[in-house]
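Labels run A, B, C and D following the written order; every chain starts at residue 1.
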Amino acid sequence: MKTMKAAVFVKAGKIALQEKPIPKVGPGEALIKVTTTTICGTDVHILKGEYPVAPGRIIGHEPVGIIHELGVGVTGYQIGQRVIVGAITPCGQCYSCLDSHLSQCGGQAIGGWRFGNTIDGCQAEYVLVPFAMANLTPVPDGLSDEQVLMCPDIMSTGFSGAESGQIKIGDTVVIFAQGPIGLCATAGAKLKGATKIIVVDNITKRLEVSKQLGADIVIDYSKTDPIEEIMKHTDGKGVDVAIEALGTQKTFESCLRALKPGGILSSLGVYSGKLSLPVDAFAAGLGDHKIVTTLCPGGKERMRRLISVIRSGRVNLTNLVTHRFSLDQIEDAYELFSNQRDGVIKVAITP
Amino acid sequence: MKTMKAAVFVKAGKIALQEKPIPKVGPGEALIKVTTTTICGTDVHILKGEYPVAPGRIIGHEPVGIIHELGVGVTGYQIGQRVIVGAITPCGQCYSCLDSHLSQCGGQAIGGWRFGNTIDGCQAEYVLVPFAMANLTPVPDGLSDEQVLMCPDIMSTGFSGAESGQIKIGDTVVIFAQGPIGLCATAGAKLKGATKIIVVDNITKRLEVSKQLGADIVIDYSKTDPIEEIMKHTDGKGVDVAIEALGTQKTFESCLRALKPGGILSSLGVYSGKLSLPVDAFAAGLGDHKIVTTLCPGGKERMRRLISVIRSGRVNLTNLVTHRFSLDQIEDAYELFSNQRDGVIKVAITP
Amino acid sequence: MKTMKAAVFVKAGKIALQEKPIPKVGPGEALIKVTTTTICGTDVHILKGEYPVAPGRIIGHEPVGIIHELGVGVTGYQIGQRVIVGAITPCGQCYSCLDSHLSQCGGQAIGGWRFGNTIDGCQAEYVLVPFAMANLTPVPDGLSDEQVLMCPDIMSTGFSGAESGQIKIGDTVVIFAQGPIGLCATAGAKLKGATKIIVVDNITKRLEVSKQLGADIVIDYSKTDPIEEIMKHTDGKGVDVAIEALGTQKTFESCLRALKPGGILSSLGVYSGKLSLPVDAFAAGLGDHKIVTTLCPGGKERMRRLISVIRSGRVNLTNLVTHRFSLDQIEDAYELFSNQRDGVIKVAITP
Amino acid sequence: MKTMKAAVFVKAGKIALQEKPIPKVGPGEALIKVTTTTICGTDVHILKGEYPVAPGRIIGHEPVGIIHELGVGVTGYQIGQRVIVGAITPCGQCYSCLDSHLSQCGGQAIGGWRFGNTIDGCQAEYVLVPFAMANLTPVPDGLSDEQVLMCPDIMSTGFSGAESGQIKIGDTVVIFAQGPIGLCATAGAKLKGATKIIVVDNITKRLEVSKQLGADIVIDYSKTDPIEEIMKHTDGKGVDVAIEALGTQKTFESCLRALKPGGILSSLGVYSGKLSLPVDAFAAGLGDHKIVTTLCPGGKERMRRLISVIRSGRVNLTNLVTHRFSLDQIEDAYELFSNQRDGVIKVAITP
């Protein structure tokens, strides 16, 4: 039995590089030789034991790679073709998928997120892709691995914050938190036609990057009260759309307080513990507010569109990759990324 | 100065019939001689001091009446014409109204609700209608006052629960609470094409009425666990749309627990105190859930459509009027209605 | 090699019952033993040579039947289970399907319509279902074959006319032509909340059935001018939504003439020859009109919803089946149906 | 009686500068002293007698100016304030406006277009604004007249082509014709997130400007077949959205031929004569195509959003103004503009 190196969740607090069997390919599946991948904030939640996965699970859900083997019934692709696969791998054929709820595949909450969660992931030399016909997305020549590395998750998630917020031309938008997801939400808000984009964080470097990606106004919440500032910039009216990109009570609540009556709170964060809705900011439920949550959209049509954005040059996310590691060094990469050291935004991992 | 009888908010705990001046008509306004009106749950909140209005304010926001006088610039109407006016009276000309947020007129939360809140209301012999061109809605001959009495508020609000929930043909829908608003939400869900309508309440009479209006399955929450029942009726999948029609933590939370991944919680209730989002039912923010709140839609186009529903015979709400009072007896009416005595659903008040 | 009886397109003007091999089941496919099927207006177009299919093709796209064999990778179903399959059989996994254009599967116009068009159909003892996971829809016990026989095509198509027309509560809607599709559009318009439904045809029996399904006003165009009548019933304003259910210049144009500014023309018909847009009725392109066309929606989620409508009793289409034939008599059935003899609306064919 | 200079439609072929009375201000109205205005393609249609207006009508519908007088009931504005008013002046209070069909105000086709059509327009020293509360839009200091001169019509119209086309992130879009409206549609398509924008025209200068505004691929239809080129650039799939910005059979039909199944044809042109739908490109009505027409959106909320776009620097339209004239020279301006001489795109007229 052939083996490969893979980053495995051992127990809360420990992800380790281990030898694991190279997966066998069944009908409708594809085996991808991973050329570049990355670590997500969600992986850190897994590392810390805050999001439960089975011990022994290979982690990672953002693969760029080469098709190594195709299962029965997978047509229209060639061995050796370079592809990405979204973090969410919908089947396309269940009731939920056919009803456009691809991320909730199978009718289970978060059912479309399989890689590094309910099946083995891609922080490894090889990854097995389920429902390959719906998920393998060719990468055009001329785009590097790193150029498309953000597509599988953070670009898809961040953009969806802008899309689910139904941003219209001329909207004023605030994004709370400018980590990788928040930065992509900023880029997405600009791409959707928002004309005043306000971002809130406390890390100077991130606020600088956010300006490059479209932020018009940056607020350092450690220096000034963001709600007060937002109201000043909106003549006291509040924003049309508030995007939550962290997953805390504080940012969720601030979004609601920043919102105009009739506005949309588009939530991307992963919440834990308790979450409360301040009734005053919620106008007692009479403010025509909308709160929408979105899990990273997946499937090859989504990936195709995101690659098209990159290819057009409309958005350039390569400067989000601040550090590079080989797969052998992935434990170091986790150490750096999970502690947000050295101004890290995203890391590239190359097996 | 001519006077009229009117129900006035005196202080928390006291609404009294008083003599008040008949209002003068300014440009763009109209004076309506009220022929029938009713009491709303919100009026009871005002009575109890739970929703603050200025002492001296005439209460009531659901008028049926006759045009008595028209202000400068109000054209296309005749003195003596029978009309209704929605509880929400949008101006139609501010930034919010022109952006389709009629209920948040002026960009203020709940800004479109004026009657019996920020201006005098219609539990009186006469009521002054602001922005008359946008709000006076003729009632066709052949429809009685009582037939259209639910249009200004509860029918508009209840239906909006179904509309904001974006109910599609073939949806399964649950409505928590079957008071007047919830009953109208049930009728609205049927009208929008829901094919399995589940309702939850504990008052037998209301559950019976809900069956007449479209409920397929009624659950008495005092006898059985509603979430368990709902899951049984949906093969464990949850509902497509859950409508909250009461305004409590319990019903709000139950709506979320009843919802499928990707489902919509359409909230109509008026909340006070604290409101929390159970993170487990909320799938940590990753379930593609939507929470939408809607304040009673107003304006004459809305009223015209609701009258059209009544006229078509598709929905018959007359049996919601369980008790009748003259304006002179309005204090008795409040006593009955606020204590939900004698199986009251709605009362008709005739000045 | 086992054989079966099947209705085969021989040449323009001739569909004949022939012996054909029973299909072999490949990966992802399923073989259905057909228990009931029907003839569609489109089949008549094929018979007449107006819609080209390959000689030798088995015709028919509306199957009710029993699962006879399941291919590799088809899970969650049992041999012997009763199912329907939509006329349109999307793969669920191509770019178009993942972008919610299921009927244009593969990115080809009309690409989702395979049965009796690009692959063999179901007017036969057996039919091979492609992409079985996305298309096999269980039929609940208690519903007869005939009760669900309209789901695969005409109910799905007719309802989509109402859905694509974005009918709102209180809309006035006209449907031109009350053949099987038009009758289902009438039922769909009612189910979506239209409160004034006007239908136009010249066959008395069909106008009678349309009243049972929801029509408020029926116009016999052989006796009166429909546009004049429609304007009379809408105070000269025109309708909110006009549904075209025949496929002629006359009905298409009448829809446009019946429409209010800002209205939606929802087109279901199959057009041939020339089609022109009368510039006057089109307000020179400045009337905010929308013209939307919809091919029968398919896939098992769609079928599940339609079955739910039938099961709820909201709509009863069984009286559309006016005649019954065995598969052996299918040539007679075509003769009757294509000449619209004996008041036929739909026929049931039982192999 | 005070008089002013104004460009008046005399008869087909003749627009002349005349002395006309300065209008009197009624309730709800405002008198604007025009500081800058422009000529629209529609004005040329009027000049040529192709669009009928009453002889004696003052022409022009794109005003920038100063508030000179406010009628009774117009509040929240000051004399001397600089404003723009959209070409379309909705009342905000009729059934159509309250149903979000602002351009079809009063339920009449094109009913919202009043200036220089059904009431006197703004190619004059003063213009009377109806429904001032809904239409006067303050211009922020720091923006010149010419910077906001495109907002009232061509920017609003062009952008609406992108909006009604429901352009999504990653869409491929073609715009046929790159006159002022088409150029703004190009800018709008970029602002909405289209990542491949193809434009078609035959005037080199316009194709150059279109590149500045967002076009990725320019096609000179006098040198190459546009449909062939478009198919080459879309791998034979066709575009997601095709915007028609001229108003001819040729461009309308080309849009349809360029469209993918399921695509949207967003039409902005003013058609005359005959318009036909090629049944082959229309997939016989089965391609899930949508054809949507949009009249220039108006009202102060729309204008506010467009000003916000200008102010943000996202789009710069000042280089569309290629020529400048005083009001006294307006007949020369018409001569230049209507003959498209000297590379004119738009002219600025200053009374």
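In this section, contacts are C-beta pairs under 8 Å (C-beta built on N, C-alpha and C of every residue); 3 or more make two chains touch, one makes a residue touch a chain.
Not measured: the values here are computed from a predicted model.
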Looking only at residue numbers at the chain C/chain D interface, is the share used by both copies over half or under half? Answer same or different. same
Which whole number of Å gives the spacing of the CA centres of chain B and chain D? 41
Among all residues of chain B, those touching at least two other chains are 96, 99, 304
Chain contact graph: line, ring, star, complete or other? complete
Parts of chain D lying in touch with chain B, wherever the complex brings them together: 27-28, 72-73, 90-100, 102, 131, 133-134, 299-302, 304
Chain D residues touching chain C - in the complex, by the definition given at the top: 96, 99, 101, 103-104, 107-111, 113, 237, 247, 260-262, 267-279, 282-295
Considering only the defined contacts, which chain D positions touch chain A in the complex? 159, 163, 168-172, 188, 191-193, 195-196, 216, 304-306, 308-309, 311-312, 314
